[in-house]
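The structures considered in this document are given below.
Each of the two complexes below includes subunit A, the first together with subunit B, the second together with subunit C.
What follows is the complex of A and B.
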């Protein structure tokens, strides 16, 4: 029943789109006011999609296996929380969620943009409706979440156990708010270009939307990363997997866009940058959807594998790209180059430098992600691009980037003398000395790491000084930049000082290493609602006399029958102790992996700081300096 | 519109990208390993799991007959399923 309501309401919501378009075109030229019918219809559309989404959630909650999506991804023994989260833990349901966010955002946009021109609002709505219709057709035609099975099966196939996790339950909605939020930026930029509406006022209005999707995207990536860290048991937080890259690319574009908007808001320059980046952010999100949903990439996360779906998104994506190119070249008034003069030492220049660095990082990731596809089509060779590629191409450029980031925010608009040269120089010396001291104690490449750590430290101390010193003049920027410096430092230390032991142990055996001894004490079993757990108990005697108890788990799920390994992680402010355990087939041995990972918690904290910086900017009414 | 070269160039590039993605979609995306016929296995040394003795691959693959070498991991479910068959094969 819930499925039936969901299905009908989805079709009615699509019909709303056409009504909205009809009234919008009618309203475009006559009347001064926005027709209130349009807002009501937009709300109705959102409401219908919400009903449809709830219909799917209810089908999951009541385990209605006559619905194919529920049958494929749920099971009666699954805990209620994961029955609910399972509704967006699959291709069809997640697209419905995507639609829900699309319709919600355009409704909020109409409510929030009352001070903008009527034509601009209507045109943005029209562009957004084009995207919405595209997704409606995609959902209804190729990925309908309400397909019937007759006769209804007694039991479902179950949700992949690695998705049964609190972090991953909220990760998709948060991430989608970020991804889909960028659609508003896209529509709004296209409409402003068409109407030649780009102004300082518009920049301020758009910045709110950029901040909203930026905050959600940052948090979404963070959640995914935390999940991968403890659930996949690889002991890392970033693997340069295509799916991760696909979320990082719009993030980079969005971050650059945010910086450009700050300039546009002040000086009405960099308009081309703003438009191109607004277009790029959404097309990169769409491109990500294409890469992940079409199954064109070999990735650990690829979860839909249907060329028909892929083809649909591909065509839709390129229609949007060609539409954007057309609007950009046909309507955009390019800035008059003679009027704009950039002093080399000014905030504008430093932001422009930041832009180019960001574009470089973005291109490296884009090439690394799609290159295997190109190579396979052109020469039938199969390769996969891994971390060494990204490290080699990104790290050398990270060093000047960090230095520029340390100095850039100190500059003034238009033209400035670098103030406080002495402390900037003093900080450099201090960071350099600290870095030598730190890197000396690690057995990594001395030269590269010293320079890298110096750059990171330099950014850290300069941002820390602003953070604690100035009179909360620009709190959001300070928070975000300080968070970023903390992030880079934590990642560097994490890479340099991590230690790892992989060994096979039986119950009762021990492993002695230089700094610690691992004792495998015993193994317990525990029965749970939908899995059985084997819990190992390990004690670790550290050299300093500290004893740590770690209890990694193996979970044997009943539906589907999959073994997952749950890491046990002991976190403190200095380091994480991370242990996973795996079965060795037909043996009494267990494969043990023990890692000491310094500063892990600071990676999470720093990303939270970064998004908190965005939040303070969003909430702040005052004009930024 | 000032210059037509840039938009035309961009559109051409995107059409090419579209074509490549389109072709990419038709390829089966199931992993198919390279076939290495008439190539030697690289030499390696490794520890025997139960005894910790070191063995050299040269000593194992020295005779002129067929060998079957299986690369597997403890956590790999298809490998576990394959095991029964392989063990039967080696004992029969």
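What follows is the complex of A and C.
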């Protein structure tokens, strides 16, 4: 029943699109105000998609296995929470969520843009409808979440247990708000270009939307990363896996766009940058969806290898790219009438430098992600690009980037002097000395790490100083930059001072290392609603007499029959102690991994700080620098 | 000959071009060095020379071939045509099982012996790395 309602309202919502387009075109050229019918219809469309989405959620809650999506991804013994989150934890449902967010955002856009010109609002709506219709056709044609199975099966196939996790239940919606938020930026930039509407006010208006999707994208990546840390049991938070890269690329583009908008808002320059980045952000989000959904990349996100889906997104993507390139070249007035000059030592220059660095990082990640795909298509050679590639290409450029980030915000617009900036040099020397002291204690490459830590520490102290500055000018920028420096520092320390032990132990055995001893005390078993758990009990005797108890789990899920390891993590402000355990088939030995990872929690905190910086900027009424 | 503005612009364009070329060159070179190739046991058998370069080997874990000691795990990867012995010490993923697909990353000692540094985690029991699938289909 719920599926039926969902299916119908989805089709009605598509019909709304055509009505909206009809009324928009009618309303576009006449003198009247924006037709209120358009707003009502946009709301109706959002409402219908919401009903449809609720229909799917209800089918999941009531385990209606006559619905194929529910059958494939749910099970009666699954806890209610995961029944609900399971509705967007699969391909069909997640696309319905895309649509829901798309229609929600355009409705909010119409509400929030009342001070903008009517033509601009309508044209943005039209571009957005093109995207919405594309996705409607995609959902209904190739991945309908309401397909029937007759006769209805008694039991479903279940949701992959590693997806049954609170962080991962809210990860897709948050990430999607970020991804799909960029569609508004895309439509808005295209319509502003077409109408030659780009102005300082427009930049201020667009910045709100950029901030919204930037905050959500940041949080979405954070959630995914936290999940990978404790669930996949590899003890890391970023693996340069294609699926992760695909979310980082729009983030980089969006961050660059945000900085460009700050300049545009003040100086009305860098318009081409803004347009291209707006297009790039959405295109990269779409590419991400394409790569993840088409089954080209294999990961947890790959649900089905359906070439038809991949092809559809690819064609749709090309249409959008051609449309935007066409608009950019034929409508955009290049700013050559008045050449604006600014000194090399100014805020503009430093933001421009930031742009180029960001574009470099973006292209490195893009090449690393798509090169293996192209190579396989062209020469059927199978390769993979791992962390060494990214480390080698990104780290050397991170150093000047961090320095520019430390000094840039201290400069003024147009032209700046280096007088009264002696403290900057003083800070540099201090951070250098501290770095030598820190790096000396680790047995890693001294030169590279010292320079890296110096650069990160330098940014850290220069941004930290501004918090104590009485005439603090720009809290949001300061918070975000401070968070970024903290992030880089924590990652560096985490890399330099992590220790790891991997060994195979039987119950009762112990492992002696230089600083601690691991005792494998016993194994308990526990029955749960949808899995059976083997819980190991380990005590770790540290040299200083401290005893730590860790209880990693091994879960055997019933539907589908999958074994997962649950890491046990003891977190404190200084470090995380991380342990996973695994049983090798038909053997007495357990495979144990024990890690001490310093400053893990600071990585999460710093990313929260970064997004909090964005939030303060969004909430601030009047923006000043 | 040219005004300072033109000179500045030429300098600007040139520097952008040079950075572009340099970065593309850097990226491609580092790709070449850091890329990991995937090979099946059969492909390894027919190798002309053994390079000291990281590769991935994929196939099925042979039945009754897994033996585990406190320091290491030994097993055999097979593509049903040829086999290769693997020694590994490290984290064993949940779904590492006999008669299931596996991808191991590491270094070749010779054509019959592989020192693995990493066994790749898989996400569900029906999942098979595309490389393994292709290698199995080839046979």
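Operating definition for what follows: the second predicted complex is superposed on the first by the 614 of 625 C-alpha atoms of A that agree within 3 Å, B and C clash if a C-alpha of one lies under 4 Å from a C-alpha of the other, contacts with A are read in each partner's own complex, and residues count from 1 in each chain.
To be clear about the criterion, a contact is a pair of C-beta atoms (placed from the backbone, for glycine too) under 8 Å apart; a residue touches a chain by one contact, two chains touch by 3 or more.
Computed from a prediction, not measured in an experiment: that's the story for all the values here.
In the model built by aligning both structures on subunit A, subunit B clashes with subunit C.
In the superposition on chain A, contact is made by A:565 with both subunit B and subunit C. In the superposition on chain A, A:15 makes contact with neither subunit B nor subunit C.
In the superposed model, A:160 lies in contact with subunit C only, and not with subunit B. By the document's definition of touching, of the two partners only subunit B reaches A:377; subunit C does not. In the superposition on chain A, A:330 makes contact with subunit B only, while subunit C stays out of contact range. In the superposition on chain A, A:392 makes contact with subunit C only, not with subunit B.
Between subunit B and subunit C, C touches the greater number of residues of subunit A.
In the superposition on chain A, A:314 contacts subunit B only, with no contact to subunit C. Shared-chain residue A:360: touches subunit C; no touch with subunit B. In the superposed pair of complexes, A:582 makes contact with subunit B and with subunit C alike. Comparing the two complexes, residues 298, 382, 504, 562-563, 565, 582, 584-586, 591 of subunit A contact subunit B in one case and subunit C in the other.
Those residues of subunit A whose C-beta lies close enough to touch subunit B in the complex are 290, 294-298, 302, 305, 307, 310-311, 314, 318, 321-322, 325-326, 329-330, 334, 373-374, 376-378, 382, 504, 562-563, 565, 582-586, 591. Residues 160, 162, 232-234, 298-300, 356, 360, 363-364, 367-368, 371-372, 381-386, 388-389, 392-393, 502-505, 509, 554, 560-565, 580, 582, 584-587, 589, 591, 593 of subunit A touch subunit C in their complex. Residues of subunit B that touch subunit A in their complex: 1-2, 6-7, 10-11, 14, 18, 20-27, 29, 31-32, 34, 49, 74-75, 77, 79-80, 83. Across the interface of their complex, subunit A is touched by residues 19, 23, 26-27, 30-31, 34-38, 56, 66-73, 89-98, 121, 123-125, 127, 129-131, 134 of subunit C.
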